[in-house]
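Letters A, B, C and D name the chains as they come in the text, with residue numbers starting at 1 for each one.
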Amino acid sequence: MGFGDYQSEIYLNGLADQQPPFTTDPTALEAAARERLEDGPFWYVAGAAGSGATARANREAFDRRRLVPRMLADATERDLGTTVLGTEMPAPVLLAPVGVQSILHEDGELATARAAAATGLPMILSTAASHTIEEVAEANGPGAPRWYQLYWPNDDDVCASILDRAKKAGFTTLVVTLDTWTLAWRPHDLDASYLPFIRGVGTAIPFSDPVFRAALAKPPEEDLISAVLQWVPTFTGTDKSWDRLPFLRAHWDGPIVLKGIQHPDDARRAVDAGMDGIVVSNHGGRQVDGAVASLDALPSIAAAVGDRTDILFDSGVRTGADVLKALALGAKAVLYGRPYAYGLALGGEDGVRHVLRSLLADLDLTLGLTGHRSVSELGPRSLASE
Amino acid sequence: MGFGDYQSEIYLNGLADQQPPFTTDPTALEAAARERLEDGPFWYVAGAAGSGATARANREAFDRRRLVPRMLADATERDLGTTVLGTEMPAPVLLAPVGVQSILHEDGELATARAAAATGLPMILSTAASHTIEEVAEANGPGAPRWYQLYWPNDDDVCASILDRAKKAGFTTLVVTLDTWTLAWRPHDLDASYLPFIRGVGTAIPFSDPVFRAALAKPPEEDLISAVLQWVPTFTGTDKSWDRLPFLRAHWDGPIVLKGIQHPDDARRAVDAGMDGIVVSNHGGRQVDGAVASLDALPSIAAAVGDRTDILFDSGVRTGADVLKALALGAKAVLYGRPYAYGLALGGEDGVRHVLRSLLADLDLTLGLTGHRSVSELGPRSLASE
Amino acid sequence: MGFGDYQSEIYLNGLADQQPPFTTDPTALEAAARERLEDGPFWYVAGAAGSGATARANREAFDRRRLVPRMLADATERDLGTTVLGTEMPAPVLLAPVGVQSILHEDGELATARAAAATGLPMILSTAASHTIEEVAEANGPGAPRWYQLYWPNDDDVCASILDRAKKAGFTTLVVTLDTWTLAWRPHDLDASYLPFIRGVGTAIPFSDPVFRAALAKPPEEDLISAVLQWVPTFTGTDKSWDRLPFLRAHWDGPIVLKGIQHPDDARRAVDAGMDGIVVSNHGGRQVDGAVASLDALPSIAAAVGDRTDILFDSGVRTGADVLKALALGAKAVLYGRPYAYGLALGGEDGVRHVLRSLLADLDLTLGLTGHRSVSELGPRSLASE
Amino acid sequence: MGFGDYQSEIYLNGLADQQPPFTTDPTALEAAARERLEDGPFWYVAGAAGSGATARANREAFDRRRLVPRMLADATERDLGTTVLGTEMPAPVLLAPVGVQSILHEDGELATARAAAATGLPMILSTAASHTIEEVAEANGPGAPRWYQLYWPNDDDVCASILDRAKKAGFTTLVVTLDTWTLAWRPHDLDASYLPFIRGVGTAIPFSDPVFRAALAKPPEEDLISAVLQWVPTFTGTDKSWDRLPFLRAHWDGPIVLKGIQHPDDARRAVDAGMDGIVVSNHGGRQVDGAVASLDALPSIAAAVGDRTDILFDSGVRTGADVLKALALGAKAVLYGRPYAYGLALGGEDGVRHVLRSLLADLDLTLGLTGHRSVSELGPRSLASE
């Protein structure tokens, strides 16, 4: 059975008068989430930095590029599988790290972890999760591939403690987010004073971390404000720089990926520093308003380091064709975020699973209909010249 | 009388207080169909794959190109006629294959066949019609030109049986659709679980085909689900490839046209394989979301094979100027689809005829007003440099 | 007093609690006319051919080009005056020919003629006017400059009769419309069966022409249909061509201007044929849907014949800046149409006058604010490179 | 404390159930002002010349350019400070001159002056203020940096008197507006006959100026019309030219900046004339409809004179990213106008302060998140190639 079979399943369910959950249309999906969620959680997920220019640019960059389908390629049997940094995955898609998911659904990251396991796609767990590392790992299950996203704490002990827990919980690859060492200017969140961390949502790291808790005068459940005032500087600034990467290497024995790369020189430097991979990303337009579209940044980065490292991509992926375009321009796999968060809001584990299966079905069908049998066949020739 | 005279007829009818059927405006036409039809049938016709990016790109590619009208060219007497692959047609326009037309109007393909005959334009009958080949041929009439569109079955016996029936029913040219060997991800249809074939609309091939019926345990009217489960794999996948074209050639003695070509290399290969023509098409944006606009694919294909084969075009044609632009870029004729389907929904045979006559009048007038006397005069010089 | 003083007049009227007529904003003007007029007359003026692509392109071409204002140029004293083909005009603006104006206001062309005389701008009277040549000339007054627009009849006697009357009525320059030898496909008019000529609005030429009337079995007021059936072929087609221009020259002793030129080769041919001027125009997008924007056609035509003839321009002019852009690209003056027609609908003679004065004030102020003292200073250097 | 700390302050206020004033979103800010203000004052601020094409172009030019964020740059400690023409400022932002602010809030320029002082940003006081020079200076306070904007009067005595008062009131730099020697065609203001000066709002210069008052037959409070009729010609036209700049130099011993430069030749001429700086500006699209976007004019001007003078920039700045883009293209600092005027309307001094702090926080965070430690690091390399 291929991923595309989800299409038949939906139609056949329809014959039996079963509706698919909410929608299979990425645009309608966001609209449905808008209706379900309160302003705060919705805009925390959907919103962007400043005027939203980067978020719009991300989508425009996809629309501007065009696939050229090939005919009679006998692409009936297709293999979407790939291996990135030692992790085998059934399709070149990972669940992007999304923080504090309990604001979207009471099951939060646990539902996401279960849905990821059901599809076989790797989940990247956010440092800012609303469940502990161990709880999420348990929900994800023993055989499931999982990576850990790090908001790099300034306190080395806290950092080492987190990394140690992640390793013990079976997370294999470390994804270090570089672009969020301070939070951006996000009008929607500011106007609602909505910052889930500050409200102590869930048991986000490092509130649940023993090393961090030990450093607090009082635990956050007794004095949230003072805990927050200590929490903010832990993750903000200060001296993270290229020189500090050896610390991470020393405390993580699996692959390390730097997330947020947007310039070829930074990509080269990451490779030169011995990092195993990069994620070309502008954080979905959430950090730098007016930043280059992530897809526009990809080709020159692929030209710079594509032969020396594994490039991952995120920011703006909504459809199967989007995945193909990113791969054609040099990505090995993509991270997929907001849509599954909407699925979570709308249907918990089932909702996430539906959204993931929809993307994979769309991807599988579009891969075949463009005349490719495997994702490794994609390249610049798959696209029309601009 | 030229096609442009339909304009005077409408105005004179107006003097006598007769309204033309619905509208002469392509945009208003879709809006009128939207009001008339249920969600399912409307979106089945109007919808597109994925995010709809290709459908929008098709229109944008027309808008971007501009005709340069010439003055005092004495184009009063005009000849829109052309001959494509041995079929004489009064204008470079064919009725594109549109499936299961009974979802739009109870007369379905029969109404379309009669309207086509009334205008003299060739109809291309879809494999997925809701009336049998023989019924449509009878409605089309003995003298009318008609082509047959093939969704290529995997079962060679079923395929041969269909081709044999089409030939006997007077269809002269075979149009083989290459881009739909599996259905695309179409959110509107999925969200409504609307797939007319699966609901057994009409007597679509191969349900009505004796060879296919003989292979079924029970006929579809008794056990639709099991018939569908056999029907789907008949048309999906699997091993259609360039090597299989000789089978079609062996079972069809008229011209064969490959539909869905979007890359110059595929166009060359089609010609090298002895095919008689191609249709540059992205299926109106219904198959590959994010595909190159069909009109943008045309020039390089025309440069590659324009001197060796007849190029037909579809995807996005709405106005007379659109036809001229496609011809100027290398097409010999265009296929025109969704608008006449809307006409069918709004007025049956009369509705189709009105829509066709409107396009032809617009085409005739615009041909003359740009200073051309025949469609053969069109070429790159008819367009402004971009 | 310069034209810009109309600005102060409006503000001072405001101090005295007088409102200016309707609006000074071109966009709001069309909206106001939409509210005032019935569908038929409004769309007859505002509508365009086919999908409206050319009308949109006309505006987009203006928006794409940008003026570069110069500072400290001491442009307090400005002279907008120019002389085109022997006609002195206080500003490089003429009233474009607009037909059957009585559908907009009962005073029709008479109101327009009076308003034109009040501003000193030349009026170009349409062949399809709803008042006779002589009535309009009288309303325009003895000293006012006026040109005559010809829909070129096929009947030479009718043509000669019309030209003779126009000359006797004091029209100095002949503007021959080339792009409307047959009416285009205009959905709004077709859907309403609205064609004012066919309904015998006013006494449009040639219904009022003695030569034409003499040829009718019955005058139109007794048998409109048969008169129309004779009228249509008189103006439609047939053999107007470059070879027939000497006939016009023989029957008109003033300057002759060809209107509707969109290709440099046609411009060269007009000059070679001894014509005195051309109007680069696509008839406001009313004839060829998908035609090149008139402003985009202008530069190459100016390069071809700008040193040998007077180039006029129309199609899309709405603001003072638009006039400057057309002049910078090679036009000697512009024709201004739909906006004054809206003014006529909203306020008769006063309305036309207000719209004209608004354009001239905007033009005058913008000329000065860009650092020019006279319209002759405009050239490609006035625009930013694209 | 850096400017970015305003972000934390807002979130922490939110924890304590305090809402930030109105909004932190530039788009929502204009909408909020629209609701608060009457048509006249709102459009006087928000409106533009003619069709608004230049105002739209200003924003489009920002959106088209894209920043390329750099990672791990250790930009925790940032210095936004700069010195322009001897004025130290904590960030490269000045309050653009905005006239007659009492139409927005009863405290008018006094509120603005206080808010400017609170942030440390220089205020540029408009000649057309609704409070006297001396009152504003007092509100701004002894230590605050302030510049004076001059609408250059034709009467040399009036001019000298104004300059003398400004100097005495502690204004250090003179900003001479070149682009408004006559008011543009502004439909919104014209249609409402809204011109605050003419209605004698406040005590705008020169109504409050003793030299001007002495020249009037009656003071404006007794005979407004006649005062206006004398006022208009004082500021309109006439012979301001490059030759007259020495007069200003002779009467002002601080730096002089010419505002409204849009062409490299004018920039060169300004420098050659000994001026100390220029403001690349199209007055926010309020003067020449169809003018080049101010940001598009900047690069060639920077190439022409960037090494010889201080270039300031305005027109279209709304976000921190906009400031960075202007600086990357050669500006030393930007003038920021309409948004703080909306802040004034919505909240008086507190409102202005909130808008300024929001911009500075956004700027500070975006500077850091793009990998810069100081504004001096910005340059063409900060932007993606177009």
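The rule is simple: a residue touches a chain if its C-beta (ideal position, glycine included) is under 8 Å from a C-beta of that chain, and two chains touch if they have at least 3 such contacts.
Worth saying up front: this structure is predicted, and the values here are computed from it rather than measured.
Participant: Please identify which chain has its centre, taken as the mean of its CA atoms, farthest from the centre of chain A.
Facilitator: C
Participant: If you fit chain A onto chain D using the CA atoms, what's the rotation angle, as a multiple of 5 degrees?
Facilitator: The C-alpha superposition of chain A onto chain D needs 90 degrees.
Participant: Determine whether chain B and chain C, two copies of the same sequence, contact each other through the same residue numbers or different ones, counting it as same when over half of the numbers at the interface appear on both sides.
Facilitator: Chain B vs chain C: different; shared/all numbers falls short of half.
Participant: Please report how many Å separate the Cα centroid of chain C from that of chain D, as a whole number.
Facilitator: 42
Participant: Go ahead and list every pair of chains that touch.
Facilitator: So, checking each combination of chains, I get A-B, A-D, B-C, C-D as the touching pairs.
Participant: Which part of chain D faces chain A closely enough to touch in the complex?
Facilitator: So the residues of chain D touching chain A come out as 4, 7-8, 10-15, 19-20, 23-28, 62-63, 65-74, 76, 318-322, 324-325, 358, 361-362, 365-366, 368-370, 384.
Participant: Residues of chain B touching chain A in their complex?
Facilitator: Residue positions touching the partner: 49-51, 53-54, 57, 178-179, 181-185, 187-188, 190-195, 198-199, 225, 228, 232, 236-242, 244, 258, 260-263, 265-266, 282, 287-293, 296-297.
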